[in-house]
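Mind having a look at this structure? Questions to follow.
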Amino acid sequence: MEQKSNSKIDVIMAGLGGQGVLMAGQLLSWAALKEYRHVSWLPSYAVEKRGGLCECTVIFSNEEIASPLIDQAQTVVVFDGSQLTTFEPRVLPGGMILTEKTGLQDEQKSKDYELVEVPGLETAVSMGGGQVNNLILLGTYVGITKAISPELIQAELENKFGKKEAILEQNQKAFAKGIELGQALKK
Amino acid sequence: MAKKMVTGNPAIWIDPPGAAMYCPGCQHPVVHRVIADVIEEMGIDGEVICMLGVGCHAFVQVAWNIDMLSCAHGRALDSGTALKRLKPEAIVFTVQGDGDCIAIGAGAFVAAMTRAEKITTIMYNNTNYGTTGGQLAPTTLLGQKTTTTPRGRDASVEGYPAHTAELAATFRGTVYSARGSVHTPANYQRTKKYIKTAFQKQIDGAGYSFVEVLVACPPNWHLPPVECLDRIENELIVEFPLGEFKNEDKII
Amino acid sequence: MAKGEIAIKENNCRGCGYCQRFCKPECIVMSEDKLSSLGYILPVVVNPDECTACGICGRMCPHYAIEVYKYVTE
Amino acid sequence: MVERMFVQGNEAVGWGALYGGCEAFFGYPITPQNEVTQWFAREFPERGRVFLQSQSEVASINMLYGAAAGGFRVMTSTSSPGWGLMQETISHCAAAELPCVIVLVQRGGSGAGSIRHSQMDYITATRGGGGGGYKNIVLAPGSVQETHDLMQLSFYLADKYRNPTVVLSDGILGQVQESLETKTIDFGPLEDKDWALKGRDKNKDGKRRLINSAYGVLPLPPYPNYISWLTHIKKKYQEMEDAELRYEAYKAEGADLILVAYGYTSRVSKEAVNMARAKGLNVGLIRPITVWPFPYEIIKEKAALGCKFLVVEDSLGLLLEDVKIAVQGRAEIGLVSILDRHIPTDGGMIMPGRVFEEVQKLL
Amino acid sequence: MVERMFVQGNEAVGWGALYGGCEAFFGYPITPQNEVTQWFAREFPERGRVFLQSQSEVASINMLYGAAAGGFRVMTSTSSPGWGLMQETISHCAAAELPCVIVLVQRGGSGAGSIRHSQMDYITATRGGGGGGYKNIVLAPGSVQETHDLMQLSFYLADKYRNPTVVLSDGILGQVQESLETKTIDFGPLEDKDWALKGRDKNKDGKRRLINSAYGVLPLPPYPNYISWLTHIKKKYQEMEDAELRYEAYKAEGADLILVAYGYTSRVSKEAVNMARAKGLNVGLIRPITVWPFPYEIIKEKAALGCKFLVVEDSLGLLLEDVKIAVQGRAEIGLVSILDRHIPTDGGMIMPGRVFEEVQKLL
Amino acid sequence: MAKKMVTGNPAIWIDPPGAAMYCPGCQHPVVHRVIADVIEEMGIDGEVICMLGVGCHAFVQVAWNIDMLSCAHGRALDSGTALKRLKPEAIVFTVQGDGDCIAIGAGAFVAAMTRAEKITTIMYNNTNYGTTGGQLAPTTLLGQKTTTTPRGRDASVEGYPAHTAELAATFRGTVYSARGSVHTPANYQRTKKYIKTAFQKQIDGAGYSFVEVLVACPPNWHLPPVECLDRIENELIVEFPLGEFKNEDKII
Amino acid sequence: MEQKSNSKIDVIMAGLGGQGVLMAGQLLSWAALKEYRHVSWLPSYAVEKRGGLCECTVIFSNEEIASPLIDQAQTVVVFDGSQLTTFEPRVLPGGMILTEKTGLQDEQKSKDYELVEVPGLETAVSMGGGQVNNLILLGTYVGITKAISPELIQAELENKFGKKEAILEQNQKAFAKGIELGQALKK
Amino acid sequence: MAKGEIAIKENNCRGCGYCQRFCKPECIVMSEDKLSSLGYILPVVVNPDECTACGICGRMCPHYAIEVYKYVTE
């Protein structure tokens, strides 16, 4: 489900606190800001302090964005496989859910959307650390949907980690790996 | 061979995983344990009533199996005062953060000591406002970076660290004031003794009793937990010396 | 000979390292790579024989992750 | 035993509280309610009840919070600036469902204001001035005797609904002396306060009690989440609204013009009604006794019958808002306001003659 | 110079204040507005402006009182429990006519409440929660950009009318990040603050200045008695009401159903309007930008044309009261309330789909 | 022979009959005069800004010809703090009653001293709440009858008299703290020196400065005015000793 | 203008702070309480603390008292001659103003009421002290209007000053003297 | 010989007696029966010759009722 550039694009990223969900959404927003007139990023998380459910909605468009909160998005990226059923209702009919494979147990309940299982954590660990899985999943999302040009994200990573070269490299690699994964999963 | 549990969950603990709500290395739950130990050892768990302030300490409401009231920010001493006046037989104590007690709560604190209330306060001093994301507290050390002193606390702007236990000792109505820590096992034991003494003063009807306890707050100190212990040893207790500042059997 | 033993509840542990710091006989060290389900580095008991069942690790653990048992003769 | 005395409204607060079973008073001095505080200082300790002067109104209300949590019947009293300071914790009392009584002897505002009478705190009393859209039950006495009676009712209602109750007085009602008959009024039985903090071992079920003003933030009983608490509290507010409405209708039957007033101006209005009736004018009065819940329905009915209204209120027009909501544009509403005060001394008061003047204009 | 950035609503508060000429921020931490305080701590000192963390919200507002008296543009920011604590001195600011800006990022109430979004402080913001029936001007932004813009307007209006102005935000508007273009907006010239305290020798006429929140108690100029002050203040409130009304009407022309919402729920409502229009339903939105003064007239007009209303509000129904006053019983009014929240995390939010559902029910 | 006025109305006095609002023998206006004298002698009447509390002292607003702000009860120090931060060149001082300063105002007081605000406070201590009809204040002496302690202040109920000047001296941010009286001409002069020193500390940017002054309140002491002077001599200064408690040139 | 017993009686007492106006009104109220079902006493005074205008309204009746505040009373007692014009509008048409003679300067403006000038202060000073003038004026009021039986007032004086015999006697004498004066002035 | 003189503004005086208490040379005493228009007992100057113009009575008077003048040779 490749996105038409310049239309309105929305995505919900969801998972558990600590999985880098919000950061992935922000990188996407910052990048989108370079191409779109309007961008919104809305976080939401459980009241308990640490480790609860957590999500963010990212929308970009050249028209005014009516609401930064939406019931359902074109795409939902689930960062924790075990949460797939929780977030199934959040995808638009005909949309796509991209989910981390690890933890996945439940069957896809509704057949009304396309499910893509991403071996993100596995890949991340093989690259030297589970903590970059958010970049892998973001890359996969961008690779599949072409929501934004990957260079913009790479540039934002530089803005963010510019001085910390090792981390920057790790993240950029992970993101690139995600793009690859995405292209492999959807061709 | 049989096994006997030495250290487990205090019996007055309803839900030890409540400790899961704390950041890695936070020492709040350690102090919660000290207090629980004291209450158990004194056998007063059926009689104490705890007034919670607002701050990270208040998560203990999921844990202690004792009667508790969650109070307005800074006002636990007012609420505790009133309850003790009406139930003189109860053992009423407040647990409060440093910000709760000596920033927004300073008015209630001064008034309770002026009136010589027969209650006990245990104040958790983590030198910042942990709950709200690590802002300046009156107890923040000079030079310490917080989210509201991003360049470090500057005496010419934010003044000097508040010495709560020493202040408490200056009031005639205060019979007991001490500062402890739990950054070493020995200090854990000393703090336990302080808290026990503080409760005993109340039981004896002597006057107001106060214990301040230094606790590590790794995320807002921007240090790994074990380095927080070093900071307590090398920086905090220089500014905030440990020990008893007042210990009287009655108001004199 | 060990005077007792400890049990680490790995789900509670937050990897702070205090148990290692405070165990005098150095029975506990933080692992290099053993992660809890939440992703925290876990401590491991390396020297069980030296445990004196002093209880300190249990008391100093902020997350109620250690139970300490003393051997007793009935 | 009925005792007859001649006392101020401010003192009737004390007598009512005493006969209503109040166990403790916490308060801070402020004009024009100092006689309330002084009454308790004088009368309570020698009866073994608690009087404590707080260090501020913030302290007073937090003392109520603590004492109410222990299951005691407690109260405070203040005037407008102190009322402002209490708002945060009144909201906490509402959220934690802690019964307590707050007597508000209104003085002129805003700010430090005048130190004399007015009726300028109507909205904050009836809507709550603190965060979160909670509800106070608000009782508005019209005389010294009724001050005594409603004080007793206020403790009953506070306990019944576990909710803060406000007794809304004013500088004139507080100062006026009238004859008073004191006695305990029986409103019927109430449930035991099994929810109160007594120390765990004294609780019936031997289980701990935890009282919180942030139900639903932590997953604790009885409200495991915020929405379950809100659902409960909304239902309670509806019950109070349905069951606790009280008002007096005086010569209102078939009236062409109805005066609406509470507190001291309701007395002035009654005199004006009498003056009008003496001149053959068809005038009546509706006096809300509970200003929350408010008697919207009766006013709406009267409006539907084609009657006009005149609000008599010692403010710039606050009760007026409620009358407007009730009338829904179906009738003319006049206002005799604080700007219609008369009498050389004291910045003035609203007098019956001025009200009668307005009555004549409207008819 | 226009700068484009991507920031939270809470940060837009800071940028708006900066470009609006704010000279000092005094505030106390509280969720969900901590980013506001932190923004000022980071950005103000290095620009030579004043940031000071207060010891409580009572202190914050009294700091505003002092700084405003010196003629400075000053502000604070808080959430619902802190808002409750500020009420006494907001009333003092209104009485002393000291211009200042208070940002209120509403969180769930009552009491300590939730630490997340809600819209439960509508009444206390628009009516004032302190003693004395004063009026705050209340601006309710609907986006990050508008937060920035209305911050600037708030300082202008505060100065123009010498009155406290409230910027009414909420936990969602505070957290959402959107694109923002910053620049100083010119609202026109203002008079010199000749009334401010500068030290007597710096006053134009060399005469002392005395600022008081109890005008008329002592026979001092400019209001020798209480009634003269009240007359003045009433006139001012009327002027503000007449001149400062602002609202957005979105597809409201000829609509059969009009949604009424402010703040975050106005965004949700706009989406619902779009959903409805996409289905051919004749639905529009009225979004008050000033919630006091409130756009009663336009709503009344629409009601007279036979249109229905749906209030979308993350509370148990407070804005609803104003819509009722406007509609005067002439039209059906629905409510999507806090109990209609949805989404598993965070105690829920009001979502566009839920609003659209209700729209369909009403049409 | 010509005559020169020695003692008349201070030049910065707009309306000396303002003193007519005070009860016979009230010493508030005497302290007003002391302050006016100091301001005149230092020549700072064009630069000072006065923050009034709520209490009998506030009637001075009809009198002093200087810029003034009437603040919320107990909060003059918060308002003064903010103004001084924005106008560091102004000389900002608060005048407050004992109740205003150390009962409802204790929170603001502690905070101002913790932050080491560069301002000055003059507190009128009449050992009760005069304005509202003579209630208990934190400063009320043990045994003293007030309208809210009709049987006399009882330490077991209302605690002990608050020692404000001594308390102020314990804060690091305070550079000057003194207690004076005007119950004899000599003390009048000493108090004048204290107040002058306090202002000078602020002008020098040294830190917070504080002066407490004991004043007679005949109606609420239920004594004829001259006997109030004896009460100050024989009872008050026993509990509240006169003198300087701290005098530093900078914060140490 | 003798009052019918058991009808509704009202009176406004007015003067300056410190002249004993409020106390006179209270004595009357306490006494009335013994004979009437309903009594009200309402004070009102200027904001400035000491010495300003001051008044109280006393009403007694066996019917409910609608308002304790009234525009005009059957009788107005003016304790300070200089204030006569201020309080003239407060008497009912056909009513009576009883005024202290000392300080009296203004002419009676309206002829719609009966004016009685009482040499109260003169009498009081001759009896040994201006401070009992309030009792003299109260006595005169009772003597003229018979609003209440004098014994009831005497009894209230005893309740109030019982222990302070000298003061009691002085006050009782002054009150009795007022009654006499009243009878002399109105026969 | 008097070094100066005082003027008592009788309308301001509240009869507190402080002037008498503080005048060292006892120039001022409270009268027995001299009342102000507000009814307060007034002080009177009994010993004008002894006045040193020290200013104390004026300074200690709470009601700004005394002005003190010193004789000066021009």
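General remarks:
For clarity, chains are labelled A, B, C, D, E, F, G and H in written order, and residue numbers in each chain start from 1.
Here is the rule we go by: a contact is a pair of C-beta atoms (placed from the backbone, for glycine too) under 8 Å apart; a residue touches a chain by one contact, two chains touch by 3 or more.
Keep in mind the model is a prediction, meaning the values are calculated, not measured.
Under the contact definition stated at the top, the chains bordering both subunit C and subunit F are B.
Between A-E and D-F, more C-beta contact pairs join the chains of A-E. Spacing of subunit B relative to subunit E, judged by their CA centroids, is 38 angstrom. Averaging Cα coordinates per chain places subunit F and subunit G 43 Å apart. If you average the CA atoms of subunit C and of subunit D, the two centres end up 60 Å from each other.
Each of the following residues of subunit E touches two or more other chains: 52, 55-56, 58, 81, 88-89, 92, 96, 112, 114-115, 212-214, 217-218, 226, 347. For subunit A, residues touching at least two other chains, in rising order: 47-48, 51. None of the residues of subunit C touches two or more other chains. Residues 102-107, 110-111, 113-117, 138, 155-156, 158-160, 162, 166-167, 170, 172-173, 251 of subunit F are the ones that touch subunit B when the two sit in their complex. Per the touch definition, subunit D reaches subunit G in the complex via residues 4, 6, 114-116, 172, 175-179, 264, 267-268, 270-271, 273-274, 342-347, 349, 351-354. Residues of subunit F that touch subunit H in their complex: 1-9, 13, 16-17, 19-20, 22-30, 33, 182, 184-185, 188, 218, 224-226, 229.
Residue ranges on subunit D touching subunit F, taken from their complex, read 28-31, 34, 37-38, 41-42, 45, 51-53, 55-57, 81, 112.
Listing the residues of subunit B that touch subunit D in their complex gives 14, 45-49, 51, 59, 61-62, 64-72, 75, 78-83, 85-87, 90-91, 107-108, 110-111, 114.
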